[in-house]
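Each of the next two complexes has chain A plus one other chain: chain B in the first, chain C in the second.
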Partner chain A sequence: MDKYQQKAVRMMEWLMLIAAIILVVIGKLTGDTFFLRLATEALIFGGLALSVDLLLGIVGLLSLGQALYFGFGAYLSALILRDWMPSFWLCIVVVAISSALLGWITSFIALRSKGVYFALISFGLAQVFAKSVYNTRSLGASDGMVGVPVIQIPFPFITLNLGDAITFFVITFIFMAGIYFTLKYFLYTPLGRIWNGVRSNESRLPYLGYNTQVPKRIAFVLAAVVAAVSGALYPMLRGFVSPELMYFSVSGNAVITVVLGGVGTLIGALFGSSLLMILKSVIGTLTLHHHIVIGLLFVIIVIFAPKGIVGMLSAKLKVKGAQ
Partner chain B sequence: MNTPILQAKNLTKYFGGLRAVGRVSFDVEPLGVTSIIGPNGAGKTTLFNLLSGLYVPDEGQLLMQGDDVTQLDPVERLSRGMARSFQITNLFFDLTVEQNLLLASQKLESWSKLFSATHKSQLAIQRAQELLEIFQLMAKKEVLAGALSHGEQRRLEIAVTMALRPQILLLDEPTQGMSQGDTHETSQLIAELGKSVTILLIEHDVELVMDLSKQVVVMAQGEKIAQGSPQDVRSNPVVQTAYFGDTV
Partner chain C sequence: MLESLQFIFAPQIINGLSIGVAVILMALGLTIIFGLLDVINMSHGEFYAAGAFLSVSLMSLGISFWWTLMIVPLLLVPFGIAMQELLIKKVFHHKDRHILTLLLTFGVATILEDLYKVIWGANTAKPATPITGASDILGVMFPNYRIFLMIFGAFLILSVWLFIYKTSIGSIVRAATLDRDMSASLGIPVNKVYALTFAFGVALAALAGVLLAPIYSVFPTMGKDFILLAFAVVIVGGLGSIKGAVIAGLLLTQLQSLSSLYISPVWSDPIVFSVMVLVLMFKPSGLYTGMKNG
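Entry: the complex of A and B
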């Protein structure tokens, strides 16, 4: 990442923070929580997009089945909160550990291949899980699971109620910021450098002494955990889960989100998710065929701004810097 | 005579029915430059791939400092001190020159630093700086490897292979496609490196080979046809027929 891209990323980070503050202030002043709930959902799906960007933008692995882990996290979260104990922390810890295990196991299938074959295997794995859930009566089958309770998060001096839209938004924002900065930290470690090497020229790495399977597996497992813990927030927000969360449309949307925001930038994933949510909402009020409009917009962006919003911004900064 | 650092014994490789390398044996003594020459299709690059671990030989054995390394992959061979460069420039083109060198050098660090911030990898940083200076790439350290000139890319290719301070360096046509000036500079660099590292070189530029090498192995049609000092090889009638032509 050159200095203009880094500057663009920093600007986007500030923009996200400012937008979040504005949303909270407006929500507090007007009492209208519609946009806050929308923004919370955008951030949750932004977490899924972050996991896709880790694989695609950093390591060079196009996953078309990342919704598998998102849906897994969502279902496990719903099961824990509804049938076991409505504890936020328990839920997140159990989902993180379980998804790491699931990611580790599935990595032995997915990482056998590269390129388009990896993409197809990741797609196939998600389809198998989605159809299995769809046909499992104890998981609600095609209806999904409803009745996830509103939960509270106890802290030493305060208990936060996630039923409050502002509180939920702030918690989700902090949660996603934590994931974002953790992933960003990894980029500036030797491991992150190896990931870049895998993306850039994997076949060269063995001649520098690297076994590439290990760093790829670490990234794969980490991406699974990020997607799953993001998914774990979904039933807390919506009160239900359904098999559609594991469908290809969810995985595909995450890839679109990353491309829209800027591949390999991480912040682009969060920003792209917010933008896509706004587009869906705004265009959805104008026409029922909003998917057509969004599809066309995506085509236009890929043609005219293939590096996404961050890429567009950094190019502008570069021109400005040269003047 | 020094104990050989590398010993190839009857190395043989088949691709289907074609014997690309057949029963090639030679010893490489420590330090200095040993070159492998031969006309196109002689099996030089296949032999290099056998030496570096990209291919496993169908027959024969490779010893490194007396240890059998025939079945070891490139990662294990590198850990024993054998590094290689490639005939076609093989770099991380969308990373900067410095990032290429840091990536190559960070194996010097303990694995426990894998999750630490990169600025704590002092060994890697120091080694990358040394290489930038030795290979005269300091001014280009922020430039993407893909944006370098061909000559600079070839230099970076060697620098990357030198990162882990190998004992044996396999250089596959390091001056390929270089201008005369770049070729001259690179040959000086190889001669300098040869004082501290054993270099095994494949090169088409016969004059360069004869200037640099203390020993030359000549191949033709997958077999070794001669081995000796540059003078011996030049005067060998078999070599003259097979490689230089009858008129030389």
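Entry: the complex of A and C
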């Protein structure tokens, strides 16, 4: 990351914060919560995109099956909240621990291969899981699970009700910001440097005395946890889960989001997700066939701006800086 | 024992084979495109759907099925050339070529699938079977169209194989796969080869679409459902390997149809993908590699 890119990232971070504040203020004033709910959903899928960017942009592994962990988190969360105990903290902790375990186990399958084959094996794993869930009657089969209760989050002095759209949005925003800054912190640790090394030239690192398999495994498990805890928020927002959450279109969308925002920038994942959600709902009100527009936009971005929004912004800043 | 073989296994094997040849046709297109261009074509399934839709439309104009079988693949050739020349070529020299082309073709697939809904509507169509009746083979009745499908499919697969390995055009394609720069310096118009090969793969997918339309229904998302199986075949067989695509195609479709004798057919997809994951675990590059040797 050069100087200009860092500046661009900093600008995007502020932009996200300002946009969030504006949304909350408008929500408070008008009482219209439609956009807040949409923004919350954008952030939740932004969490999935973050995990894709951690793998793709930082470690250089293209995952086409990250929806597996997202869907796992969503299903587990729905099960815990509905059938066990409607507790936010319990849910997040259990999801985090079990997704770490799932990520650790699946990493032994996925990390055997590299490059294009990694992409394909991650895709295959997600397919197996998604189809199995789709066929399992006790998990609601093709209908998914409905009736996830609205929950309260107890804090030491205050109890927050997630049924309130503004509260839910703020909680999700803080949650994602927490994940974002944690991942960003990791980048500047020795581990993060090794991740960068793996992306640039993996076969070189062993010559320098570094093991690459362990750092890759850590990144893989971390990405699984990030995707799963983001997914855990989904049933709290929508009240249901369905097998579509694990499908390829969700994984594919997350990759698109990351490319739109800017690969390897992390903030690009959250920003891209918000932008995509805005586009989808705006175009969705104009035409029934918004996929055509989204697809076109996507083709244009890949061809003309493969570095995404952060890339475009930092190029602008560079020109400005040179003048 | 012999009776169960005759009345239970044989029909399943025949059914598996008739789907198998169509899957192999799809997989051949995918694997040739990957072998030559390093492009994982996510929109391949949409070309399969395009083949089926165009066939249905042409037939409603009064053109017979047999003509659509010839016309439809040709209709899609210019589209394939355009896609390679206008889109894929633009990101071809980027260092993240794998990822970018995958995303690009994914975008095209998104557009096409919605476009089909606009043009043909979201309803399913089912063209009439061009060959009706059934034949008695060893005391079991098989639909004539499925028998035709198997024979014609096998003929097509063999033709593709011979085309790639026994003709001079095929050897040009293989040379370009092996070493692009060397081929270019020997005077092979590599860009033209790329465009035509891409179009060839697209035409094969369309052909598979025309052939399968009378068996399955025709609907906008049909490509998405079928492409996953074709992907599994290509991956198990080894990306870029023609031999691998044929063998894996037979293997996986037989696995699919025979396993449905014992467990519910809804589990056939998880089984196929589990096999794919297993193969990738132990032989990460698939059963066979590359296009170089027959």
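As a working rule, the second predicted complex is superposed on the first by the 323 of 323 C-alpha atoms of A that agree within 3 Å, B and C clash if a C-alpha of one lies under 4 Å from a C-alpha of the other, contacts with A are read in each partner's own complex, and residues count from 1 in each chain.
Assume contacts are C-beta pairs under 8 Å (C-beta built on N, C-alpha and C of every residue); 3 or more make two chains touch, one makes a residue touch a chain.
All of these numbers come straight from a predicted model, not from anything done at the bench.
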(Q) Looking at A:G321, would you say it contacts chain B, chain C, both, or neither? Reply first, second, both or neither. (A) neither
Q: For A:I292, select first, second, both or neither according to whether it touches chain B, chain C, the two together, or no partner.
A: second
(Q) Under the stated touch criterion, which partner chain does A:L191 make contact with: chain B (first), chain C (second), both, or neither? (A) first
Q.
Looking at A:I303, would you say it contacts chain B, chain C, both, or neither? Reply first, second, both or neither.
A. second
Q) Which chain, chain B or chain C, is in touch with more residues of chain A? A) C
Q: Pick one for A:V128: touches chain B only (first), chain C only (second), both, or neither.
A: second
Q.
Just to be sure I read the superposition right, which of the two partners does A:Y207 touch: chain B = first, chain C = second, or both, or neither?
A. first
Q. Just which bits of chain A does chain B share with chain C as contact spots?
A. none
(Q) Can you tell me which positions in chain A touch chain B when the two form their complex? (A) 185-186, 188-194, 196-197, 199-201, 203-204, 206-211
**Q.** Of all residues in chain B, those that touch chain A in their complex
**A.** 52, 73-75, 78-79, 83-84, 90-95, 99, 102-104, 106-107, 109, 113-118, 121, 124, 160-161, 163-164
Q | For the chain A and chain C complex, residues of the former touching the latter | A | 56, 62, 109, 112-117, 119-121, 123-125, 127-128, 131-132, 134-135, 248, 252, 255-256, 259, 289-292, 294-296, 298-299, 302-303, 306
Q: Can you check the complex and tell me which residues of chain C touch chain A?
A: 40, 87, 90-91, 94, 96, 98-100, 102-104, 106-115, 117-118, 228, 231-232, 235, 239, 264, 266-267, 269-270, 273-274, 276-277, 280-281, 284-285
